[in-house]
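A single structure is presented below for examination.
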Amino acid sequence: MLRFLTAGESHGPQLTAIIDGLPAGLKLDIEQINLQLARRQRGYGRGHRMNIEKDRAQITAGLVYGQTTGAPLAIQIENRDWKNWQEKWQDGALSQLTTPRPGHADYPGMRKYGLDDARPILERASARETAARVAVGAVARQLAAAFGVQIGSWVEQIGPVRAQIPNLPVPQLWALAEASDTACPDETAAQAMREQIDAARRTKDTLGGVVVVTALGLPVGLGSHAQWDRRLDARVAAAMLSIQAIKGVEIGPAFENAALPGTQVHDTFLPAESGEVLRGSNRAGGLEGGMTNGQPLVVRAAMKPIATTGAKMASVNLADGQPAYAEYQRSDICAVPAAAVVTEAMLGWVLAEALVEKLGGDSLAEMRR
Amino acid sequence: MLRFLTAGESHGPQLTAIIDGLPAGLKLDIEQINLQLARRQRGYGRGHRMNIEKDRAQITAGLVYGQTTGAPLAIQIENRDWKNWQEKWQDGALSQLTTPRPGHADYPGMRKYGLDDARPILERASARETAARVAVGAVARQLAAAFGVQIGSWVEQIGPVRAQIPNLPVPQLWALAEASDTACPDETAAQAMREQIDAARRTKDTLGGVVVVTALGLPVGLGSHAQWDRRLDARVAAAMLSIQAIKGVEIGPAFENAALPGTQVHDTFLPAESGEVLRGSNRAGGLEGGMTNGQPLVVRAAMKPIATTGAKMASVNLADGQPAYAEYQRSDICAVPAAAVVTEAMLGWVLAEALVEKLGGDSLAEMRR
Amino acid sequence: MLRFLTAGESHGPQLTAIIDGLPAGLKLDIEQINLQLARRQRGYGRGHRMNIEKDRAQITAGLVYGQTTGAPLAIQIENRDWKNWQEKWQDGALSQLTTPRPGHADYPGMRKYGLDDARPILERASARETAARVAVGAVARQLAAAFGVQIGSWVEQIGPVRAQIPNLPVPQLWALAEASDTACPDETAAQAMREQIDAARRTKDTLGGVVVVTALGLPVGLGSHAQWDRRLDARVAAAMLSIQAIKGVEIGPAFENAALPGTQVHDTFLPAESGEVLRGSNRAGGLEGGMTNGQPLVVRAAMKPIATTGAKMASVNLADGQPAYAEYQRSDICAVPAAAVVTEAMLGWVLAEALVEKLGGDSLAEMRR
Amino acid sequence: MLRFLTAGESHGPQLTAIIDGLPAGLKLDIEQINLQLARRQRGYGRGHRMNIEKDRAQITAGLVYGQTTGAPLAIQIENRDWKNWQEKWQDGALSQLTTPRPGHADYPGMRKYGLDDARPILERASARETAARVAVGAVARQLAAAFGVQIGSWVEQIGPVRAQIPNLPVPQLWALAEASDTACPDETAAQAMREQIDAARRTKDTLGGVVVVTALGLPVGLGSHAQWDRRLDARVAAAMLSIQAIKGVEIGPAFENAALPGTQVHDTFLPAESGEVLRGSNRAGGLEGGMTNGQPLVVRAAMKPIATTGAKMASVNLADGQPAYAEYQRSDICAVPAAAVVTEAMLGWVLAEALVEKLGGDSLAEMRR
């Protein structure tokens, strides 16, 4: 059983993650983890902080001679910003945040945890936490890759600008996305996206969008139809909506499929040289009956615009019940290219978890037997 | 900690569910459970079987004098069809199903579990299992209702027909949906939906659609921002995509929000008489930071067309690798109104689980303290 | 991931269990389950009820053509006593039990669940529930047996009578125990145990004892040292103390080992023909570092005397706070031989769970690869 | 839901723990954590390393202004020994350990994880990991203490020396134990224990023993009779046997009770001024029906002698299958007083977990309502 927990505040000393249940014998490439952390910081329209943070993963447990041993892995990522915050953290030094910001965890968090200051809530709710998840996902992806699973993504939409995804092999689309500061493989759309982001910056507004994350090389039969909480659709959906600001998900073109007759949706089978089968299409997005069917796993995720807008938004000061404007916290204009990296990480996690369940999890050699 | 498991094959003797972790002191209304089971069988365009099955829940454990006691609840639902199938179940009596049907669990299930016959797979993968979940959900909803939570749904789309949802209070929309055999509150659209279903029947095709399920009366602070797998968005998404044929979900108008600037998406706060706050809108769909924010929880779910089409679909006989047509199994044309009831049940489950986590779970009285 | 839940009251219509996560392809022998259920009802000194109940397991889900399919298994066991109780269950027909019985769940259960009647508590707390666990364990043992694991037990002590366990191979000790109505392989002690039981019956008292449950044929490396809750010692201990009236457990002669120096406790290694190793002793009871080490897993469990004594025991009527005697409920004098069967069942469960974790769990064939 | 994971090797840079699910508003006393860490290092007969390590807990996440916020807590404990080991960790620098040591995780660990070197196994299996658990437990105990729960322990036996525990109130016994380097409240026995330890040092041997850990001030109704894995006896037993070298546990005098008739075991009820009840004895050890009954929770745990003995023990070099002696690693003679602190920590954990389940877990204020 694979499991992980993360801990850490946005302006605390560090982020920490523990992964338990990894098989022994996985030679971990730490630069791969750092590469993913760097990708999370990419993107046109990121804010000032991205220049401060140069995230590096430090593995403090679970590796001996560079390999996993079956022991839990501990990862920490230093917050370089910490030095600027340390003294502010002295009791009272930081002003209270009593006016909840629309779209943030501030209000429900204060009410849930009985706090009159939103600061402790936003420190944990911040997307900064996704750096820990990207590191966890980078480990999971290395495990999945040992079984031939490749994961990548692209940005399909930023604000109103929707890309025309060229009809190319998925790895080429990944490469095009990687080369763009919008992570969009359609350069015409990418240019329009940049203009949208510039416009949003001028109007002190923010943008969301849609990402498409895909996994290739999957074995048949990850997940199960047998019990509701073992269906892979459910686990993928949970993984996606566990990401800050991701509020919608579909496996394949689900909302489009809902409008079509079954004969145009369900993927026919064709004989294959191999003796195995081919499919006439992949509108199921790679999952049938809650299980991988050997086709690419295609997931679309909708991200809401960043909740922190430069433009004032109406709120209420909970300290006195009077109308007030939400206080501005330094933020980005658009983080969709970064979120795409987090969706890759979480998909990698779900797939690694399913591989360990299917194959058992003591050692890589045993899993491969 | 609330948990449940279901068991049962589509044509076996019965479905069984066990719910563990219910508080004591909940007076259970079994007719309410049966009412939900009947609602699951409703809808224009259901097949023959709906006339055979008149599902009734039988509680065989966990109730003393009509009240929960803290002990696990066992529910069973007899398959009235069983008498017609019992002898077929004798070894070999049922023909093997070796040609996987597109859109079903047949193919991945056979490969995962090492079977050369899809029958054991489809018997469990069938949507018949959702009857057990509706019963479980009906119990969870009674627990949630004890804390003022009301859940209902409507059908927004069947195939290409999209309803214009009238601007009415949610409970009135629920009532309109309840009165229609399409579960659609827009009677004009409902009529077009029926025509679509009739047309699909003529062309031996099937239809999917979109449902909107809503929860009212929620307390602030169910779920948590603190750890990825405790975010309520994630749990709601998992619950929805754990339902057979549901492949997409959004919390509020997530895909629409992805196209808009932040200032038009995030819900402003306004002072309220009560001293509490009002919101200028509910585009967050009732969840901020992975927690309920006191607004209605609004979930849209996309259902694919039923996978069993009367029209032949190309497949491969895995027994000989030769092209073949998928064998037709008796089925419905459209089950969106029924699926809406299952989404209500699963949402009820997630909310009951979150209430028990927040309030503790020994007795209703203790939860209310 | 293997998991199970049970439900059912002692005098309700039936017990129900659901097992989720079984691999496909296990040919289940239902008579083996019934045999275990019969063994649970054995033993010198059982009460009247054992003559009423002739437990039979009914599988209502998860088997197709006698084999598991990967789908959850549902098991139910009818309470033959039900017919005598059904009408008593009408509201108010059964007298309230307001005087908690020493050694029972009555008092903490009433307080925990906010009840002024202990009946709903004792109905679930009763050892009757162990019939469901024996059925679950009988399934788990068939899975474990497919990997060469054999489980058995004997009674080492009843009340003050402690057996001299002859120095024979474990399977012979199991056979001797099986042949005795005390489940004790030492016939001299067995006779003294019967006399103790007869004496206890005369004095309206009850007896407990000690059982030794052993598993043979275990692979090396079930469980793990890597995380506290994955240590097999912990899981075995939890499984034993989850059994009604079992209050102590040791892996090997743990309390004896605590008094000896390390050089006399730790099991030396010797070369083996096979190239593998032999051990000079098995004082570790088959577990080192939280993992099976290939030696027999030897567990001793201490059972308290049955809490329901014919002799009056002082209590307090919680309805009025006045001293009162605990009401007598029909019961046994000694159930140690029966409890031994439950310890076998729970050990079988833990080992099956560990096998599925180690080998993966889709099909028996895949587990064997 | 409260959960924790630990990570860290014995000679790695640090130990790390993450605790998820703590309520907000707990003012954490870090010196209390350090005090527990120091207690874990106490005891007559500890080895050289105890002088190197002066463990200090560093909280890197989950505290704002010294209080919990509902966010996960991250704790790290630096291994001061690391500086001496860092370069040894370079690939190959450390000699392989191919001869498994009796009583250690070496052999099953190597076989389970497919390693030909035991070093990665012993690095994680080492009791050094318990420092992380003591820190976790120290947090859990502060939560439990907020609800009036006090936890302490004493050493009852070291090797063959069994103490006569004076008939004093439990807190006085704790104080006497605290004042002794054997943690034994019977000074006569303590002196004999020291002599045993000195003798063992001379003979290059090691000793185990028995600890008694007690919790006072418990509410009635933690745990549940309703489902096997929710019985508190099971969770306490798992917590105890999850500790390195602890191999036996009993709730109250369970093995003694097994020899007595029920009328002498079960704790009678007496009326109390308060209107609540008193008990004539506490032979149930504070748990009836898997729930706390308001009496002191009394747990006895048996620790095996330390597995690393100075005296040579026969083993086999798995590299060549030849007989060899187990390599000596620096170690202690007796660690029972230290283990007692770990049993306190794990009991604290189980009780904090049960409190959160019973009371809900958003904030201390809400738990107290």
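Labels A, B, C and D are assigned to the chains in the order they are written; within every chain, residues are numbered from 1.
The rule is simple: a contact is a pair of C-beta atoms (placed from the backbone, for glycine too) under 8 Å apart; a residue touches a chain by one contact, two chains touch by 3 or more.
Every value quoted in this text rests on a predicted model; they were computed, and no experiment measured them.
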On a CA-centroid basis, which chain has its centre farthest from chain D's?
B
Note: of the two pairs B-D and C-D, more contacts are counted for C-D
Chain B-chain C separation of Cα centroids, rounded to whole Å:
38
Based only on mean CA positions, could you tell me how far chain B sits from chain D in angstrom?
45
Centroid distance [mean C-alpha coordinates] between chain D and chain C, Å
26
Residues of chain D that touch two or more other chains: which are they?
5-6, 20, 70-72, 109, 112-113, 121, 124, 221, 224, 226-227, 358, 362
Of chain B, residues touching chain D in the complex:
1, 20-21, 70-72, 221, 224, 226-227, 357-362, 369
Using the touch rule from the top, collect the residues of chain D that touch chain C in their complex.
5-6, 100, 102-109, 111-113, 121, 124-125, 133, 157, 159-160, 200, 203, 205-210, 220-221, 224-229, 231, 233-243, 246-252, 254-255, 257-263, 265-271, 275, 277, 280, 284-285, 287-294, 302-309, 311, 313-316, 318, 321-323, 346, 358
Per the contact definition, I'd like the list of chain D residues that touch chain A in the complex.
3, 5-9, 12-18, 20, 23-25, 60-62, 64-66, 69-74, 76, 89, 91-92, 109, 112-115, 119-121, 123-124, 362-363, 365-366
